[in-house]
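The first chain written gets the first letter, and so on, giving A, B, C and D; residue counts start at 1 in each chain.
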Amino acid sequence: MEQLLIKIGQNLFLVFGLMALGGAATMVLAKNAVHSVIGFLFAMLSMAGCYLTIGAEFMGVAQLLVYAGGIVVLFLFVVMLVELSKSREKGLFQRQTPFALVLVVAGAVAFVGVFWRTIFGSSAAEALTLSPNLMAQGEKLGNAQMLSRGLFAEYLLPFEILSVILLVALVGAVVLAKTERV
Amino acid sequence: MPTPTLTQSLIIALLQAILVVVFIFVVVPLTLYAERKVLGYLQLRLGATRVAGSLTGLTGFVNRNMWKLGKVPMLSYWRGIVMLVGDVVKMIIKEDILPTKADKFVFFIAPAISFCASVIVFAAISFVPGTLFVLPKFIPIVGGLPVSGAVGDVNVGLLWILGIASVGVYGIVLAGWASNSKYPLLGGLRSGAQIVSYEVPLTLSLLAPVVMSGSLQFSEMSRSMAVGLPYWGIVPQFLGFFIYLTCGFAETNRLPFDMPEAENELVAGFHTEYSGMKFGFFYLAEYINMTVVAALASAFFLGGPWLMPFGLHGVLNPFFTAHLPAFLVPLLCEPHAIFFVVKIIFILFVYIWVRGTIPRYRYDQVMAVAWKYLIPLTLVNLMLAAAVRYLTV
Amino acid sequence: MGVMQPSALEQILITTKVEKVMNWSRATSVWPMTFGLACCAIEMMAAGAARFDFDRFGCGIFRATPRQADLMIVAGTVTYKMAPTIKLLYDQMPEPKWVIAMGSCATCGGPFDSYHTIQGVDKIIPVDVYIPGCPPRPESLFYGFMKLQDKIMSSSLADRYREIFEEVG
Amino acid sequence: MKKFLKTLIPFDIAKGLTITGTHFAKVFLSANRRKVPFHVVSEYPEVPAKMQPRFRGRLQMLKDEAGEIKCVCCLACEKICPTQVITIESGKKEGRKTKLPTRYDFEMERCIFCEFCVESCGFDAIILNHQFELAVYNREDMSLSMEGTFQNMFGVSPVAKFSVADEEK
C-alpha cells in the first residue's frame, strides 16, 4: 500500500500528463463542440497539475488563471453561439480534410524527429538541462521571482518578440472583422 | 514530532477535507437563515418565525399558552432556525427533472463543476496558522500527529484561489448552454462576460495589499499585517477595499449585480431548468463563494485572519495570558480562529445588507462600472501602493 | 370538527417516522412560484410585503421558475387563452407540488360566467386549497396556506402514489 | 467631471445603507421584547387579525330575539346580486304573517363580497360578518345553506386549529 502510494506520488507527473492527453483526445474526437471545449478545459487543468508536480507552482497557477479561467471561457463563448449542424459549414470542413491530413502527417514526422533527437540523441544532456545561471538563482529565490528573472532578464528579447506577434495577430483579427462589416 | 509517512499524511489531508466540508455545511445554511432574517429586519419585517405545525406539539403547546398569557414566547422570533433543516431535506427529496432536449452529460456536470470549484478554493484558506489540533494517541494509524489549520498553505495561496474561482464560471456557462433553452443561455452568456470582466479589477485590487506586504501566502500576509502595515489593510487601502467588495458582489452574482439569474428579465437565469438538489448545489456554491470572498477580505484588508482589530493584540495579549483563566487563553489570545470567523460573519452581513438596500443595475451599467471606473481606479490604487512600498522599504 | 385533536402524548413525544420528517420539511419550506394573473396577485404581493410578511411561514422565497417551486398560487382570472400556459407551468413543476386557487375567479370563474373564462382552475389542474374572496385578504391567504401546510403534514406517500396511478389507470 | 466625481463618491449609497442599517438595529433590538415593536408586521396567526368595521366577510343570516329568521323572502337580494349566488325558496309557517325561506342557498365560491344584498335588504335580515378564514379543501364546502353542521348560514363557521380567534371564545 505504502509503496504503491509512493510510486504514484513519484509518478504524479505522468498521471497528470496522461489525463491531459485524455482531455486532448476528447477535444479532438468529440462530436459536440461544447464537449470538445470541456475536453480542452480538462487538458488545461491537467497541465496545471503537471506544473504543480514539478514544483513550478507559479506556472501552474498562472496556467489555471489565464488558460483555464480566461481563454477557454472565450472559446466556450464562441462555440456556444456557433451552430455547426448547418450543412454548408460541414461541407467546408470536409473539403479541407485531405489537405489537413497531409499537413498533419508532415507536422507529426517533424515533431517526432525533433522529439527523438532531443531525448535520445547526442545533444540530449544539453537540451534537457536549464541554464546553470538560472539554476543557481533558483536555489535561493522563490518560484515567481525566478520566473520573472528568466522572462525579463535572461530571455527578454524572445519574450518581447512573442508579445509583438500576439499583438499582430490581435490587430489582424480586428482588421478582418472590421472589413467584413462594412 | 515524527514526520508522517505518505499514507498518514494522505489520511490527515482527507480529515482536513472533511473538516472543510463540515465547516461549509454549517456555515452555508446559517447564512441562508441569516439572509432571511436580516433581509426581513432591514425591511421592518420579521423574517422566518414559524415552522410548519408550530402550534402543535410541545413547542406549540408552550408557545400557545405563552400567547394566551399575553407574553411573547422566548423562542418566538428565532424559531425559523429549524427551517434551514427543512429547506435542505426538502431540496434533497424533491423530484429531479432532466429536460428531454438537454445535453445530459453537461447538464449533469455543470453543478458539480460549480460546487467543486468553490469547495476546492477552501483548500488554500487557513483558519489557524500552524497546528489546529493534535490527534489523540489511541487512533490506529494517525495517532499523535498534528492537523494543520489549512489543507494546503501554498506559497501562491492568493493566485490559487483566484485561479480555481475562475474555473467556477464554467459551471454557470455550461449550465446555461446545456439546458437547451433561451433564458438559461442568455444568463450563462451574461455571467461569463460579467465574471471575466470583473476578475480584472478584483485581482488588481487584491494585488495592492500583496505589493505592500510582499507575499502571496496567507500566513505571511497576516504576519506582515501585524508588523508592517498600520494595523489594518483597510486604512491605507481604503479605496482598494471598496473596489474589492464591489467586485466580490459581482463575482458571486449577488444583488445588485445578479445579472446571471436576473429574476426580472431571465426567468431565473442559468439555473432555470434545474430542480431539486442540482439547483441546491448552485445555491450552495453561491454561498460558499460568498464565504470565500469574505475570508479573502478579512485576510487582506481587515488585519489578517487571526488578529484582533486595531492592533489590540499587542496590548491585550500579555494581559490576557497573565490574568485570564487557562481555558480562555487559547480562545482569546493569538492565534485565534474566532476573530477570523467574526470578520467573515461581518462581511457576510454586509453582503445581505447591500442586497437589501441597493436596487439592481442594468446590464450595460454593470459592464460600464467594471471597465470605465473600477479598472482605472484599481490601476491608480496599485501604482500608489507600489510607490508607498518603494518609499518605505 | 373535522380535524382530529392530537392527544397529550402526541403533543409531548416526537414521533420519529421518516415520512413525518419528510412531510414536515416539505410543509416548512414551501416555495411558491411568482405567478399572478389579475387583481388577486396584488393581494399576493401585499402578503409578501412588510405588513403581512409571507416570509414568516418560510415561503418567502418566491421562485421565478416552475422547476424550483413547490406551490402554485393561481391568483386571478383564468381565461381560455391563459389556460394552456397554466397547465404547462404546472406540468413543469417537479413533484411534490401543490396548488392554491386564490379568489373567486380561480375557484369557479367568479363574476365572469362567460365564454372566455374557465369556470374554476380545477378543471385543468388539481387544486388543494380554495380561498374565496374577491380578492381575499392576505390573512385569508395565510389561513389557506396554513390549511395547505396541515394537508401536507397529514399526507402520506402511499396516498399520493395511489392518486397518481389511479389517474394513469 | 462632476458626474464622474458623483459616481466616485457614493453618498447616496451610503445614505441608503445608513437607513436600512438603522432599521436593522432597531428591529433587532425590539423584536423579541414586546414593549414597542419597531417592525410593522401584523403577526396574524399568533395575534388575532383586527378587521376594519366595514370589512365584508361571509354572508350570514340573522335571527331576531325570538329566534325567528328575519328574512321575509322579498327576493331583493337575489335580484340585485351581480353574480347570482343567492337562491331563495319561500314557504309558509303557522303563526307567522310574512313568508319564510324554506331554502336559502349561498354559493360562496362565486360571491364577490360587494355587499349589494345587504344594502338592498329592507329588513336587516342578512349581514356580511367579519369572518375571513374561509379557505376549504373542497369546492362543495363553499355552497352554504340553512342546513349543514360544519358551515351554515346562521353562524360564524368553526375554523380549524390554526386560528387563535376560536381559542379566545
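Please note the rule applied: contacts are C-beta pairs under 8 Å (C-beta built on N, C-alpha and C of every residue); 3 or more make two chains touch, one makes a residue touch a chain.
Note that this is a predicted model, so its numbers are computed, not measured.
Asker: So using the touch definition from the top, which pair is joined by more C-beta contacts, A-B or B-D?
Answerer: A-B
Asker: Please compute the C-alpha centroid of chain A, do the same for chain B, then give the distance between them in whole Å.
Answerer: Their C-alpha centroids are separated by 32 Å.
Asker: Between chain B and chain D, what is the separation of their C-alpha centroids in Å?
Answerer: Each chain reduced to its C-alpha mean, chain B and chain D end up 46 Å apart.
Asker: Where the centres are mean C-alpha positions, what is the separation of chain B from chain C, in Å?
Answerer: Distance between chain centres: 35 Å.
Asker: Could you state the distance in Å from the CA-based centre of chain A to that of chain C?
Answerer: Once rounded, the distance between the two centres reads 55 Å.
Asker: Counting only residues that touch at least 2 other chains, which ones in chain D make the list?
Answerer: Touching at least two other chains: 39-41, 43, 45, 161-162.
Asker: Spell out, as numbers or ranges, the residues of chain C touching 2 or more other chains.
Answerer: In chain C, the residues touching two or more other chains are 50, 53, 56, 150.
Asker: Pull out all the chain pairs that touch, please.
Answerer: So the chains that touch one another pair up as A-B, B-C, B-D, C-D.
Asker: Which part of chain D faces chain B closely enough to touch in the complex?
Answerer: Listed in rising order, the residues are 7-8, 13, 16-17, 19-21, 23-24, 27-28, 31-34, 38-41, 43, 45-47, 161-162, 164, 167.
Asker: Using the touch definition from the top, list the residues of chain B that touch chain C in their complex.
Answerer: 36, 39-40, 43-53, 56-58, 60-61, 80, 82-83, 85-90, 93-97, 263, 267-268, 271-276, 279
Asker: What part of chain C is in contact with chain D in the complex they form?
Answerer: Residues 1-3, 5, 50-53, 56, 104, 107-111, 113, 120, 122, 128-134, 136-140, 142-144, 146-147, 150-151 of chain C touch chain D in their complex.
Asker: Can you list the chain C residues touching chain B in their complex?
Answerer: Touch residues, chain C against chain B: 6, 10-12, 14, 21-22, 24-29, 34, 50, 53, 55-58, 60, 63-65, 67-68, 70, 92, 94-96, 149-150, 152-153.
Asker: Across the complex, what residues on chain B touch chain A?
Answerer: Against chain A, chain B makes touches at 5-7, 10, 103, 105-106, 109, 154-156, 159-160, 162-164, 166-167, 169-170, 173-174, 177-178, 185, 188-189, 192-193, 196, 199, 216.
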